[in-house]
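Take a look at the structures listed below.
What follows is chain A paired twice: with chain B in the first complex and chain C in the second.
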Partner chain A sequence: MATLETRGLTKSYGKTRGIEDVTLEIGDGEFFVILGPSGAGKTTTLKSVAGLVDVDSGEVTIGGVSMNGVEPYHRNVAMAFESYALYPQKTVSQNLASPLRSGRTGRYSEEDQQRRIELVTTTLGINHLLKRFPRELSNGQRQRVALGRVLVRPADVYLLDEPLSHLDAKLRAAMRAELKQLGEMSSTTSLYVTHDYQEALALGDRIAVLREGRLVQVGTPEEIWHRPVDTFVAKALGQPEINLVDAVVDRGVLRTQGDALQVPLAGDLELAPDDHARIGVRPRDIELSRGAEPLEDHLRVRATVRLSERLGREIELTVDAGGVSLVAVTPGAHVFDEGQSVELDIPLDHVHVFAAPAGDDPDADSARLGAATVEQVSATSGRQQ
Partner chain B sequence: MSTTTTTRRGHEATAEAQSLTLRRLFKTYVARGREPFEAVKGIDLHIEPGELVALLGPSGCGKTTTLRMIAGLETVTDGEIIIGDRTVHELPPGRRNVGVGFESYALYPPLNVRENLAYGLRARKVRDANKRVDALAERLDMTDMLSMRPANLSSGQKQRVALARALIRNPPVLLLDEPLSHLDAAQRQRVRRELKLLQREFGYTTIIVTHDQLEALSLADRMAVMDAGVIQQFGTPDEVFDDPANQFVADFVGEPKINLFEGVVGDRSSDDGAIVKVGSAGSLRTAARTPEVGRPVVVGLRPQDCVVERGEHDASNAAPAVEGLVRVFEHLLEFGLATVQVEGLDESFVVQTAEDVVYDRDDRITLSADPERVYLFDAESGERIR
Partner chain C sequence: MATELMPGRKRFTVGTVLADVAIVGWFVFSLFPIVWMVLLSLKTSADQTSTYFAFSPTLENFGTVLSAKGEALTSVNFSQALITSVINCGAAVIVSLVIGIPAAYAAGRWKYRGSNDLMFTILSFRFAPELMVIVPLFVIYNQIGLFDTKVGLIWVLQLVTMPLVVWILRSYFEDMPAELEQAALLDGYTRRRAFIMVALPLVRPGIAAAALLAFIFAWNNYVFPLILTGSDNSTVTVAISKYLGGGGQAYYNLTAAAAIIGALPPLILALTIQRYLVRGLSFGAVKS
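This part shows the complex of A and B:
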């Protein structure tokens, strides 16, 4: 067990930026998740920690000791790859024993080996598979064995590269819960890479969002969810995606086209008359109005239903509010008629305000300016620039 | 031919949607030296004009084979395919009047997007092919892609071109095989809504093949859940989700996945349902009226349908419930998921919880549910016990 720090990690591949100035401080026993789309530099970061990538500059420190010049073999990290990397000619039991036989973290007697394998396979629910070969396993079972190979040997840091990505959605959810349990039990410092925001929210003590090789935000799941630093982070978490609507400041109110959404400007939003901005609302923060009177601290929006779709126990509504398209997800089984008028309420403290996109690209990401109400910003906000 | 096809009638008019009927449709593959393989085993399906129907099932269930038979890309072993009032299963694909979009984009690499879209129209000597391409490209917001080659498109863009090509002939029946499968999650949502709005606007009778239950639930007017070459249930998304015909359907549709566990029918206290014993100490009330007392059953309860209370089951409260210990709690901000261990049950139980509640490991909770949402299945056949 140990702390893990990276300082200014930078790596380019020819002219392509891999990662740039990635600085992280990960606490002892912390489960830390790096979230980002493919090509964001997640795996490069992980491999730099493992010593499998020679960084152009920057430093990795494990347990306070610089890893510069230390071979991967001697870093005492255990890494699980996206592909399972099992020996096809060895049984599950032999696959699990091989990390213990390499001798790099001490010698294990036959008895010790069996005990550790027993412990790991029981936890992962694969102890009935010990005599099988990898080809005789399902994808989910193979993934568990691959994880088992990582966990069987004590290490300072576990490095996990999208270990659940090959599994179907249902198995992924089940394995995610198991991983969480394992993480809590082993309390080994872990760095976990994923593109799946639900995995990040479920597993991470903290999450770093990576975009095009650069860190965009580091924080707890709650911080990242409730106070995304920009539209990129806001869009990276949540399905359906957050609604982003262009708006203009007019007479002290941020208004969308057709005035369907009118957001009063709270004290700490620095917007001048005629300034452009974007209003962000998550689909699950939009509620169907219950009463005729608008609620206090809520926006009331009148809209027409364009699509009403069933998502299990929820309904996804695509509505038109004065020419602005919004997606809302509401609980309940009541399916609406297309063309029906509805009234929606949005709590003001869930209305995010982002800067207008810079330049010509209307989809360009822009920084968050604040919420539609005065925010209680905690002193320990984990934002980074 | 008895009727003029609508595509030839005029390009301005939206094609009139037509009904589609499958009657006792079979497909058997016979290969030398092997057992004949029955991919589709006598399915019946009637789709109303303008309806959007999803064929949902795991790979190998026969859904794509069914679609290919309708398109005319597979011969029919037995049965009939009727579009409107025409029996089409012996017609060549080109005369069936269906538009087809496949999972693999099947675009011509040397042609740009405009040429790919216009190809089929030109082959049919449709006048104004270019004008139609322009109009559709405008509608699908892909005008800027028209001069690009497929190689320069992202997978999402290719998928949209493939979709546009299925739409360009303005077919009265549209067949789509996994049309959203190559898109990332955000794109998939966007294109899904777009597709449904287009379908509503143009009124195509549409069949979509998918393995994604959420896609089927959200897109379809009605959905056919298939397994092993047979339709297991055909109904609206509400019917399939709330009233599953059997264990397969209950298990395949819904995420997080339904909890399925063994139970024994206990006291049938009244006419409005039964009590089913769960684990070593718990019980649940179910609306099922027909099970015999003592019969072993499989109980199904969706994570979203669990009513959770903190703490131990109040013995003075007569309402049946199940007690458990939280083993894992995941707070996903939009909601929470608790993995719960119930005494006497091998499998753990997954419970969806409200967004503003947080549980800790080893918290004791009590579960109950609306009796209408507690499903019983026959332990042998998996058929629903009502």
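This part shows the complex of A and C:
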């Protein structure tokens, strides 16, 4: 157990940027998630902490001790590789015993080793595979063995590179729920890398969003979800993606094309008349109107259903609001007909306002300016996905 | 594999029949010299220049080659040459492996300024015709007392075996995912132990293949031992050629018998080492 800090980690591969100026402060026992699309530099960050990548500049500190020039085997970190990296010539049992036999993670008697392996394989549901070789396992099983090789030993920091990515959906959900409860995991500082926003939101004490090697935002899941710093973070979280609609300030109101959405400007938004901006609304924040009267602090939107799909308990609606296409996910009981008119309510505090995209690219990411109402300092509403 | 390539029953078409005929023809062509050598080795001296397939075979030639009778004809002890060759080639391969494996590992794992140039230089030892370097080598060997010694020949055989070992094994190390050794480092093992514990066992098939090829190349080398050894440390290749006369009478049947005996050690080695030549041990190490 230890704190983990990185300061200004920078690494490039030839002309390609790996990571740039990655600075993180991770508390003792914290479960910290790095979220980002592939190629964002997540694995490079992990390997820099492990000492497997020689960074161009920057420093890693574990437990207050600088790791500059410290060999990986002296750093006391354990890592689950995305590629598993199981020793092919060794059985599962021998793979798991490997960190216990090196002598650098503590001394373990033969019984100690057996007990630890037994414990961790039972938790991970792989204790019937101990005699098998990695080539005789499915990808999901290999991934659990790789995770087991981390959990079997105490370490200052656990580094987990997409440890759930190859499990099937059901097992992944189950493992996700269990992961943080696993004995060692709950008390060991962990750096967890994923491209799956649900994993990040569910597991992370805090989340860092990484894009093209740079940190975009660091914060609690609530902060990241409710106050994304820009459209990139907003789009990275949530499936279906957040609705982004171009709008113009006119007479103190942000209006979209055809006036379908009219967002009154709250006091803290610094927008002048005729300024362009983008309105962001998450599909799950759009509700079907229940009453005829518009609710207080809600936007009322009239729209026509273009597409209505049932996704399990929920319905995904694609609607057209005066030429603006919106996606909504509602817990509705019935599927709508194409062409049917609906009325939608959007709580104003869930309406995000982003700056207009700079330059000519209409899809360029832009910073968040605020919400449609004056924001509370702490976002207290429940976690949503 | 074979079943995947040929699913179901084999169909006969003009194309497949022609292909089969071509293969058989090629086999006959390429194997005929060996067949002829075997036949020749079984002929008596009276029959040795005949081209008939019908003759009364004898094993006498093999006895002659391995006994003092052969030595009297050629002034080279063939059995002794056989032993010398085994020692020379064995030692040359071992030296090449001891130096070449770490070299190949370094070349496969780390790219540094000039690493490719270095690898090319090592390979270039194979470009130069042996006859080009043999004269200076002969002069040097004479002066420093390595002429007609085993150490001298083992040393010079490195020119033959080392590039082979380094180049073959480098590609094996390159194919092996670096994350396996990285995992070992994080398990708490030093780089040396990670190499020995993880990397080395995985390239065993490569080591077997490289060692076998290196041995065969060293075994078949003729020019170096011809020029750099005298009668004390003659090798098999030189000893075989002595039966061709060199001005005196040529004993084709004895040459053939000697050549067959001389081909046995590499053959035996190849058969013993065969089971280590399987690749694919690293399947399942990392996700594909």
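Going forward, the second predicted complex is superposed on the first by the 373 of 385 C-alpha atoms of A that agree within 3 Å, B and C clash if a C-alpha of one lies under 4 Å from a C-alpha of the other, contacts with A are read in each partner's own complex, and residues count from 1 in each chain.
What we mean here is this: a residue touches a chain if its C-beta (ideal position, glycine included) is under 8 Å from a C-beta of that chain, and two chains touch if they have at least 3 such contacts.
All values derive from a computational prediction rather than experimental measurement.
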Chain B versus chain C as contact partner of A:Gly280, first or second or both or neither: neither
First (chain B), second (chain C), both or neither touched by A:Pro221: first
A:Pro163 touches, of chain B and chain C: first, second, both or neither? neither
First, second, both or neither for A:Gly148, with chain B first and chain C second: neither
First (chain B), second (chain C), both or neither touched by A:Glu309: first
Partner chain(s) touched by A:Pro134 [first = chain B, second = chain C, both, neither]: second
Touched partner set for A:Gly204, first chain B, second chain C, both or neither: neither
Touching both chain C and chain B, counted on chain A across the two superposed complexes: none
Footprint of chain A on chain B - complex, ascending: 184-186, 189, 193, 196-197, 200, 214, 217-219, 237-238, 241-242, 254-257, 302, 304-305, 327-328, 330-334, 337, 339, 350, 355, 361
Complex interface listing, chain A residues touching chain B: 37, 169-170, 173-174, 176-178, 180-181, 184, 198, 201-203, 221-222, 225, 235, 237-241, 284, 306-307, 309-313, 316, 318, 327, 333, 335, 338
Contact set on chain A toward chain C in their complex: 47, 50-52, 71-73, 75, 77-79, 81-89, 98-99, 102-105, 133-137, 139, 142, 149, 166
Residues on chain C engaged by chain A in the complex (per definition of touch): 177, 179-180, 182-191, 193, 198, 201-202, 281-287
